[in-house]
Amino acid sequence: MIVTLAEAVAELVHDGDTVALEGFTHLIPVAAGHEIIRQGRRGLTLVRMTPDIVYDQLIGAGCARKLVFSWAGNPGVGSLHRFRDAVQHAWPGPLEIEEHSHAGMANRYVAGASGLPFAVLRGYTGTDLPRHTATIAPITCPFTGETLTAVPALNPDVGIVHAQRADRRGNVQFWGITGVHKEVVLASARSLVTVEEVVDELTPAPGAVVLPAWAVTRVAHVPGGSHPSYAMGFSERDNDYYQHWDTISRDRAAFGRWLEGLTS
Amino acid sequence: MIVTLAEAVAELVHDGDTVALEGFTHLIPVAAGHEIIRQGRRGLTLVRMTPDIVYDQLIGAGCARKLVFSWAGNPGVGSLHRFRDAVQHAWPGPLEIEEHSHAGMANRYVAGASGLPFAVLRGYTGTDLPRHTATIAPITCPFTGETLTAVPALNPDVGIVHAQRADRRGNVQFWGITGVHKEVVLASARSLVTVEEVVDELTPAPGAVVLPAWAVTRVAHVPGGSHPSYAMGFSERDNDYYQHWDTISRDRAAFGRWLEGLTS
Amino acid sequence: MSWTADEMMTVAAARALRGGTRCFVGIGLPSTAANLARRTHAPDLVLVYESGTIGAKPDRLPLSIGDGVLAETADAVVSVPEMFNYWLQPGRIDVGFLGAAQLDRFGNINTTVIGDDYADPRVRLPGAGGAPEIAASCREVIVVVRQSRRTFVDRVDFVTSVGHGSGPGDRARLGLRGGGPALVITDLGVLEPDPCDRELVLTHLHPGVSPEQAVAATGWPLRLAPTVSTTEAPRPAELAALRALTGSAEHEERT
Amino acid sequence: MSWTADEMMTVAAARALRGGTRCFVGIGLPSTAANLARRTHAPDLVLVYESGTIGAKPDRLPLSIGDGVLAETADAVVSVPEMFNYWLQPGRIDVGFLGAAQLDRFGNINTTVIGDDYADPRVRLPGAGGAPEIAASCREVIVVVRQSRRTFVDRVDFVTSVGHGSGPGDRARLGLRGGGPALVITDLGVLEPDPCDRELVLTHLHPGVSPEQAVAATGWPLRLAPTVSTTEAPRPAELAALRALTGSAEHEERT
């Protein structure tokens, strides 16, 4: 149940898989993303509400074939230059995109976690998104006749998140901003949770969510595994790094040097 | 914001209203139900997943015109005799019923809390419920063509629950088995929360749900207001009373004496 | 050590649960059996109650599905909508434990009304609760119910929870993803669906029960499996654990 | 006390928020304005961030919508699906604060792509995030954006979030239940939809800004309201609170 990060990625993530690394600003599994780059995965469909630095890195490193997302930016800083370079200039390769809103993505994970093929929301109406995204469809309420919007379930092959703690049996606990953590783990065929610490026994904490070990495929002990994101109670968000990434990522050569540093 | 129970019921609950008193075994707002009986409300559509003693009492007292529910029994004991008497013998008056499953009722509250007209689930298929309940309909996934089940949102006029604590501004906190507490408060046009205690400031607690004051209409301080149900951290379930109710409720005359004791 | 028919039924139901199994438990006999299994051969059995408690480890028998001891000892407590949507519906639960007021030859269950007229029932029962979706979504269902002609009927008056419908292929046609009733454990023996036609046939008799007794207590022409085994009688350790759980030292002689 | 155009814009946006208002806040200018309002005239303003924090009371300016200080000081922290489904979608939020890369005369917003070809954009922007549903469901929307011909365009290249569509009645026809953009607050002044035709017209100019400047910075023939008021300049207390928040003692002279 508890394995090394390298073992977990080798076992769970295969070329061509649909992979979701989630964490809404908080508890982003960045180290796991780096391990996917190191192991040289190719042709991935990457799913994430808010592709940020780690997805910029995965895209720039050539791991991705397609991106499913709702907001791709460097939060508080600006653009994702590797993402833009891929979309605007197909570098290092073409990147197909499937674009949604946050409400749509969140509900797609909910449907996935619920074993339903689709979710219903009030969303997208009047926007240009449905003209470019095939996975948005109208649906009629059988009781009122009102038209709403349906989006299909997301069921990634692999869902990956970072969390504060696990116990030795693999029960996982996280707190603070929990985002879509529970949904992505439950929606995915396989799941990996990287954790700050492994303890003998989980103790209850306010706002804490617990995922039982049997709902998680693998746990890896990766202290600091969410840097430059943070793990409430363990680390602070490294805002300087987000700024710093802007400089690295603007330039293909600078990015190349960063990538070499990561993989060598 | 914080008023007496009598004031809250007088202000919020009107003859003919659709009223949901919720609490899944835990935190059932029994005292509020008794106050509705005392104030002599009539023609109510009562909604509750698990009508138990307090709904038996409301039905026997003649407050209800209709019951929307998924499981009507005396948990761990047996039947609800006032409910059965109403359905089988129209005593003290006819009782219309709209019958669902737990999964359906829970999702109807979710839709109500979400501002959607309906919810989708895998449910009811192959059962006889759709033949007798109009609020169950098939719905087709626009992406896969699969047929699922839709149920309409529940949006009661009044939603009532019991909770452990509120602060003086009316922020509400509850923990333990939280059932559909959040959903029924958010789904209802008006809401009342009876609480064990009113404190200066809420302190975080493991598993605690907080509803901000602006999402609740009225709070009433009613210590012990869930008896014979319980409030975790404040009281234990009075299992003997559930047994005792079986004796009282079997007999119209015994029930009449109980009712007289409540209202005089 | 002597034991009652209900004790035999509960022990047989407990034995049907393997370690590590995620078990959706209703109150009453299923809860007693599941807790007994956790105390005896399956300490890592995962108890899931529809009140939202996942992995409850009660040190006494809970008296309701919302007993405080369940929340206090659970790995996680979730809302009721989450329980049904995230945990039951996607098929994460291995075994659903159900009772029945009526049960037919295909394991369809009625807990709604007795009588032909839903609008004017002879007996109004509590209704569906979580059962229809437990019956639909768990990988398999175990029914625990006392056997009698009143309960084991040729055709249920109302299908509250679908068993094997009207026979082979029905569950698939209806889109039900769980396997349906795999075992019906009674105070007389055990019934299992015939692998071909899905009709419940008698596969086990509890010690001291004759095939004729089981047939007489069944409202359809009960078929016997090619081999009908005799259930192993409750062992002293099982009985001791059960009685410690239920807090009843007294027990009736089995007739 | 001198001040910059951005400071004037932020102060004007803060003033638009009344006490008790539930405000859905994005990071950047909206967050600064909302936090300023909470520090000055609206201490009981309810800040809601899409990361799931309800009633956050940060003692410093959060640097991301998922800043730890938001979770630590919130009345409640909920999951992201719950935030969108239970809190935003049903219309529980009074004011949604949005930015824009492009904005047209009806207050429609583009944050997706610049250029005519979505598949081959001139500039790929971050995308929708929470904006489409914030624009749809909040009782009203306030847009905070610097005014220029590049941003204030006759027709947005991509409708990410609907304002008043193509005019009166469009929101109702689309089934959008919130009121849409009520104010567009810029570094030059304030625009509001005309009550009849819903086109944005200039209603306020910040001190020292001429109508010609505003017209020149707008990509459609900007209409002026019958009365164009002058915004009250930032008061010293407002500026002091703003600079304490942003931690910048230094400030540029307004040109």
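Just so it is clear, A, B, C and D label the chains in written order, and each chain counts residues from 1 on its own.
Keep in mind that, in the parts below, a contact is a pair of C-beta atoms (placed from the backbone, for glycine too) under 8 Å apart; a residue touches a chain by one contact, two chains touch by 3 or more.
Every value quoted in this text rests on a predicted model; they were computed, and no experiment measured them.
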item: Comparison of A-C and A-D (more C-beta pairs in contact); value: A-D
item: Centre-of-Cα separation between chain D and chain A, whole angstrom; value: 28
item: Length of the line joining the C-alpha centres of chain A and chain B, rounded to whole Å; value: 39
item: Contacts with two or more other chains, residues of chain D listed in rising order; value: 85, 89, 137, 177
item: Multi-partner residues of chain B (each touching 2 or more other chains); value: 110, 115-116, 121-122, 146, 182-183, 207
item: Interchain pairs in contact, sorted by label; value: A-B, A-C, A-D, B-C, B-D
item: Residues of chain A touching chain B in the complex; value: 115-122, 135, 137-139, 141-144, 146, 148, 150, 152, 204-208
item: Residues on chain A engaged by chain C in the complex (per definition of touch); value: 110, 113-116, 171, 182-183, 186, 209-212, 214-215
item: Touching residues (chain side chain D, partner chain B) in the complex; value: 20, 22, 46, 54-55, 75-76, 85-86, 89-92, 137, 177
item: Residue ranges of chain B touching chain C (in the complex, touch as defined); value: 24-26, 49-50, 69-73, 75-76, 79-80, 83-84, 87-88, 99-103, 106-107, 109-110, 121-129, 131-132, 146-147, 176-183, 207, 230, 232, 236-237, 239
item: Chain D residues within the chain A interface of the complex; value: 27-28, 50-53, 63-68, 70-72, 77, 79-81, 84-85, 88-89, 112, 118-121, 123-133, 136-137, 158-162, 165, 170-171, 174-177
